[in-house]
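Both of the next two complexes hold subunit A, though its partner changes from subunit B to subunit C.
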Partner chain A sequence: MLTYIIRRLLYSVVVLLVASFLIFTFVTVSGDPLSFLKMSPGVSQETIANITERKHLDDPIIVRYGYWLRDAVTDQFGTTIIGERKIMPDIQRVMGHTLQLIIAAELLAITLAISIGVYSALRQYSVFDYLATTFSFLGLATPVFWLALMLQVLFVNVYLWWDIRIFYTANLSGVDPGGGIDFVLDRAQHLALPVIVLSIANIATYSRYMRGAMLEVINSDYVRTARAKGLKERRVIMRHAFRNALIPLTTVVALNFGALIGGVVVTETVFALDGMGFYFINALNSGDPYPVMAWLMIVSTGVIVFNLLADITYGILDPRVRHD
Partner chain B sequence: MTDVLRTQEDPKPVEPERPGGEELPDADQALAHESGIAVKPRSQWYYVRTRFLRHRLAVASLLVLVGLALVAIFAKRVAPYDFDQLDLFNIAQPPTRTDTHWFGTDLLGRDYLSRVIFGLRTSLWVALLVAGLTTAIGTTIGSIAGYYGGTVDNLLMRFTDLVLTLPTLAVLLTASVFVGNGDPFRVGVILALLFWTGLARIVRGVFLSLREKEFVEAAKAAGAGDARIIVRHLLPNAIGPIIVAMTLILAAAILVEAALSFLGFGIQPPNPALGKLIADGQTQGLDSWWLVTFPGLVIVVIALAVNFVGDGLRDALDPTQRRIRA
Partner chain C sequence: MPEPVLSIRDLTVEFSTEDGVVSAVTDVNYDVFPGEILGVIGESGAGKSVSVMTMLDLIPKPPGKVLSGEAIFKGRDLLTMSKRDLRDVRGGDIAMIFQDPMTSLNPVLTVGSQIAEAVLAHNRDADDDSARDRAIELLRLVGVPNPEQRFDQYPHEFSGGMRQRGMIAMAIANEPSMLIADEPTTALDVTIQAQIVEVLRTAQRETHAATILITHDLGLIAELADRVCVMYAGRVVELSDVYTIFNSPRHPYTVGLMNSLPRVDVDQEMLQPIPGQPPSMIAPPPGCAFHPRCLHSRGRVVCRTDVPPLRTFGEGADHLSACHFAEELAEAHVVGIGAEQPA
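Take a look at the complex of A and B:
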C-alpha cells in the first residue's frame, strides 16, 4: 500500500511538471503581460525595461520556465509581474473563503443526495423516484452560472419590490458584519445562495450514483441471506445494504473535485465572492501568467490528491480491491 | 468535459429478457422457407430505428432539436429583427406581443428574441464543430491505440491522465484567454482538443476487446490490411458507443461554451452567443429579468433534449437488445 502511494505521488509530480511546462509555454508565448502598461501614457520606457529585466521577460522560454520553477519551489510562486505583489498570501486568503463555500455545499449535497438516492432505490419506480430522476436530468442540463443568476434575479427583485431581504446576492460580507454571532449570521446570509447553486448539480450527480449503488446492493445475494436469516428489514437496510452502498459514492465525491472547482469559478464570479474562482478570473483578466500558473498548480495538486484519496479509500472500504 | 460524461451514466438496471419474447431473424427466415410465408429481411438498422421510435421522450426531444436547428439555420428569415438592430424608443421592454418582442428588449432596444435566435445559431454551430472534431480525433487515436497497443496506447493513456489531472474549466479558460480571441471557430477547436480523450478511451476499449476475436483473424487470413480491418471490421462495432458519446459531448459542449462565453472568455461580440447574452443580461441590470431568463432557458432545453436523445440512442443501439419493446 505504501509503495503504491509513493509510486503514485512520484508519478503525479512528473505529470505536474510536464503540465506546468506545457501551460507555461502556452501562456507566455501567446500573450504580453506588459501590453497594458505599454499602452498607459504615464509609464516610462525605463519602468517597462526594468520590469522586463527583473522578471526575465526577454529570455528564452526554457530559461523563464527555470526561473518560474525556482520561484515556485523556493519562494512560494514568487510575485506578480505588475505591482510585484506576493502571490501566496492572496491565494491563502481566497482559499479560506472558498473552503467555507465548498465544505458547506458538499455537506449539503452529500446529505441530500444520500437521502434521495436511498429513498429512490427503496421505492423504485414510485412517484418520488420519477420526480428525483426528472430533477437530476434538469440539474445536469442547467448551466451553473444561469441558475446562479436566476436566483440572483429572483432575490434582487424580491428586495426591490417588497423590500424583503432574505439572502444577500453579492459579496462575502456586509459593509459592517460585526463580530461573533452577528458575523456568522451575516456570512451565512451571504453564502446561502452560492452554496445552494454549487450543490444542485452535485445533488443531481451523487443521488444517481447513490440510487444505482443501493439498487445493486439490495438485489445482491448477501442481502437476501440477511433477510433469510430473519433480520428485521430496518436492520438489513441500515446495517447490511446502506453501508456498502456508500462505497461507490466516496469515489464519486472525490473524483468530482475537478468539476467542483469549475462550479466554484462560475459561482464566485456571479456572486462576486472573494474566493479562488474570483481570483483566477481576475488573474486571467490581468493577463499575468504567474498568478494563473500558481493557481493552476495548486488546484491541480488538489485534484491529484483527491484522485489518490479516491483510490486509497476504495481499497480500504472495499476489501475486494487491493493495490499492490 | 469528462466529468460531465461520467455523470451521465444512468444506473438503470437492464430489463430482464422475457423468454419467448425475442425475435430471431435467422430462425424466422428458416421458418419462412419451410412454411412458404414471406418474411421481410430486417437489418440491424431497422431494429435500431424501431427501438428508437418507441422511446417517446427521445423522439419528442429529437423533434425539438430539429426545430431549433431549423430556426438556427434560417435565422435570417425567422428572426423578426437583426440581432444588433437598435430601437432607442423601445428600450428595456418586458416581453410583450406587440412588435413581436416576445423575449423583450435590452437597454439599447435590441430585440432579444432575435438576439437569442442568432446566439442559438452560433452556439449550435460551435457544439456541432466540437462534436465533429472530437469524434474525428478521438476515433482515430482510440482506434490506433486499441489496435496496435504498445507505445501509442501508452502515450494516449498518459495524455488522458494528464487531462484528467487538470481542472478542465480552468484550463479551457486559460486557453481561451490566451489563444481564443473570442472567435467561435477557435473556441470550438480548443474545446475539442480537451474533450477527445473520453471518446478515445471508449473506442480503445471496444478495439481491445475485439482485436483478438476470430472474425479479425479471419479477415487477416483473407489478406485484409490493417486499415481495412480497422475501418471495415472493427469500427462498425464501435458505432453505438461513439454515437452515444457524441451526443453527450454535444450537450457538454453547449454547456461549457456557454459558461466560457458567460465568463467573457469564450465567444465575444460581435459574434452573438447564448452565454454572452446571459452575461449581458447581468450587466444590464437584474430588474430586467427577461434578459437573463430566456437565453438560459434555451440552453436548458437543448441540453435536456440532447441528453434524452442520447438516452434513447443508447437503448436503441445496444445490439444485445434485439427484442423490440411493445
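Take a look at the complex of A and C:
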C-alpha cells in the first residue's frame, strides 16, 4: 500500500511538471501582461523596461519557464508582475476561505444525501422516496446563480422588512478575525447561504448515487445470506448493506471535492467571497501569468491528491481493489 | 412413520409484476422427515425455491404475497411467527445454502467473520474468540485447507468450490435440524460439484439435519435424495421415494424428465426432450398446466378443464401423483421409455 502511494505520488510529480510547462506556455502566449501598463499614460518607458528586465519578459518561453520553475520551487511561486506582490500569502488566504466553504458544504451534503438515499432505498416507492426523487431533480435543474440570487433577495428583504439579520448575503466578515466565538458565529452567518447553495446540487447528486447503490445492495444475494443467517435487520443493513453501498459514493465525493478545491467560481462571485474561484477570475483578468500559474499548480495538486485519496479509501472499503 | 420436521400445507404465493400476477406456487404440500434428504426438482420457475424462501420470509414482499398456507416446523407455523422468533429460526434451526457462492458471500468481509457472525447471532454466550475457533473448526470440517489462514481471507481470495464450502460451514454453524440447499452445485464446475456433494453428505451426517435439496440436476437427486418432490408450474406433480421416481414415474412430466436423460444402458442416437416450453406463470394453461406438452393426455377434455389433485392411486400411500391418468402410466409402453413419440 505504501509503495503504491509513493509510486502514485512520484508519477504525479511528472504529470505536474508536464502540465506546468503546457499551462505556462499557453498562459504566456495568450497575451502581454504589461499591455495594461503600456496603455496607461502615467507610466514611463523606464518602468516598463525595468519590469521586463526583472521578470525576463523578453527571453524565450523555455527560459522564462525555467525562471518560473525556479521561483515556484525556491520562492513559493514568487511575486506578481505588477506590484511585486507575493503570491503565496494571497493564495493561502483565499484557499482558507474556499476550504471553509466547501468543507462545510460537503459535510452537509454528504450527511443529508446519505440519510436521504438510504431511507429512500429502504422505503422504495414510498411517499418519501417520490418526494426525494422529485426534489433531487429540482435541485439538479436549478441554476446555482439563480438560486443564490433568490436567496439573497429573500434574506435582504427579511432584513429590510422585519429588521432581522439571519444570514449575511455577501462578503465574509463583519468582525475582526481575532474575535473568538463572535468571529465564528459571524463567519457562519456569512457562509450559510453559499453553503446552502453549494450543497443543494450535491445533495441531489449524492442522494441519487446513494439510493441506487443501496437498492442494488439490499437486493443482492449476500444481503439475503445475511438475513438467512438470522441477523437482526439493523445489523443486516449497517454491516452488510451500508458499507457496500458507500463504495460508489466515496469515489464521487472524493473526485468532486478535488474539483471544488479550485473554488466555486459562480457561488463565490455572486456572494463576493474572497475565495479561490474569485481569485482566479481576477488573476485571469489582470493578464499576469504568475498568479494564474500558481493557482493552477495548487489546484492540480489538489485534484491529484484527492484522486489518490479516493483510490485509497476505495481500497479500504473494498478489499478486492486493495493495492499491494 | 415418524413425525415430520416440516409440513408445508396448501402454500400459495403470488408475485405482482408489471405484466400481471405470477402464481409462483399454488397449493403446495409436502413433508420433510427427520434426517432425510428430500429432493425438490423441476424446471426454472417451477416454484422450487419460492416455496422454501417463503417460509423463511426471504422473498421480497412486495411484490411477493402469501395467499394461503402454513409451514409447520416443529409444531410452530413459520408463516405466522413473529419476526423475532423467525430470526432465531433462520440460521439457527433452519439454515440455507444458496446457489451462487460467488455472490452469496459479502465481498467486503472476510469469509471467517461471516461464519463467526452466524455463530454469534445464535449463541449468547459466545464471544469473538470462541466464535473464531468454532468457525475455523467448521472450515476444517467442510474441507477448507489451512482454515486458520483462510479465516482471514476475503471471498475473492477463495475459489468457487471453496466459497461454497464456506457457505456450507456457515449453514451448519448452529447445528440446524433442517438444511435447505438451493441448487448448491449449479454454479460450479462438474469436478467441483462432486466434491461439494461429498461435503454436503458430510454436513448432513454431522448435523443429522433433515435436508431439502432443491435442484434441476437429476444426477444430484439420484446421488443424494431419499425422497423426491417433482414440481411443475408452481405445483407438486409427483412425490415419492427416489427409487420409485426413477423406476416407475407416474406423472407424464416426470416420465418426460427421465426420458430426457442420456442413458448408458441403451443404444441411443438422440435424447428425447419434453416438447414445448414451460408455461407462462401469469396465464398458466387451464386444467393440468402440463397438458399442452403432455404426450399422454392425447387431447382428453378433462386435462384441459380440471386441475388434477395430488393423490394416491393404488401403488401405496407413499406415492402421490397429480395426473388424471396416473394409473395408465403403470403400463410403460403408454409413454414409456423408448416409446415412439407422436409426430
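One rule holds for everything that comes next: the second predicted complex is superposed on the first by the 312 of 324 C-alpha atoms of A that agree within 3 Å, B and C clash if a C-alpha of one lies under 4 Å from a C-alpha of the other, contacts with A are read in each partner's own complex, and residues count from 1 in each chain.
Just so we're on the same page, a residue touches a chain if its C-beta (ideal position, glycine included) is under 8 Å from a C-beta of that chain, and two chains touch if they have at least 3 such contacts.
Here the structure is a predicted model, which means the values were calculated and not measured.
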item: Superposition on subunit A - do subunit B and subunit C clash or fit; value: fit
item: Subunit B versus subunit C as contact partner of A:Val153, first or second or both or neither; value: first
item: First, second, both or neither for A:Gly230, with subunit B first and subunit C second; value: second
item: First, second, both or neither for A:Arg320, with subunit B first and subunit C second; value: second
item: First, second, both or neither for A:Ile281, with subunit B first and subunit C second; value: first
item: Partner chain(s) touched by A:Ala272 [first = subunit B, second = subunit C, both, neither]; value: neither
item: Contacts of A:Ser300 with subunit B and subunit C, given as first, second, both or neither; value: first
item: Contacts of A:Ile6 with subunit B and subunit C, given as first, second, both or neither; value: neither
item: Subunit B, subunit C and vertex subunit A (Cα centres) - angle in steps of 10°; value: 70
item: Residue contacts with subunit A in the superposition, subunit B compared against subunit C; value: B
item: Minimum distance between Cα atoms of subunit B and subunit C in the superposition (Å); value: 6
item: Contact residues common to both interfaces of subunit A (with subunit B and with subunit C); value: 219
item: Subunit C contact footprint on subunit A (complex, rising order); value: 219-233, 239-240, 243-244, 247, 317-320
item: Contact footprint of subunit A on subunit B as seen in their complex; value: 1, 3-4, 6-11, 13, 161-162, 164-171, 173-175, 177-179, 251, 255, 258-259, 262-263, 265, 275, 278, 281-282, 286-287, 289, 292-293, 296, 299-300, 303-304, 307-308
item: In the complex with subunit A, residue positions of subunit C that touch it; value: 56, 58, 60, 83, 87-92, 95-96, 98, 100, 103-109, 114, 117-118, 121-122, 154, 156, 167, 170
item: For the subunit A and subunit B complex, residues of the former touching the latter; value: 12, 15-16, 18-19, 23, 26-27, 30-31, 137-138, 140-146, 149-150, 152-153, 156-157, 160, 169, 204-205, 208-209, 211-213, 215-216, 219, 255-256, 258-259, 261-262, 265-266, 269-270, 280-281, 284, 287, 292, 295-296, 299-300, 303-304, 307
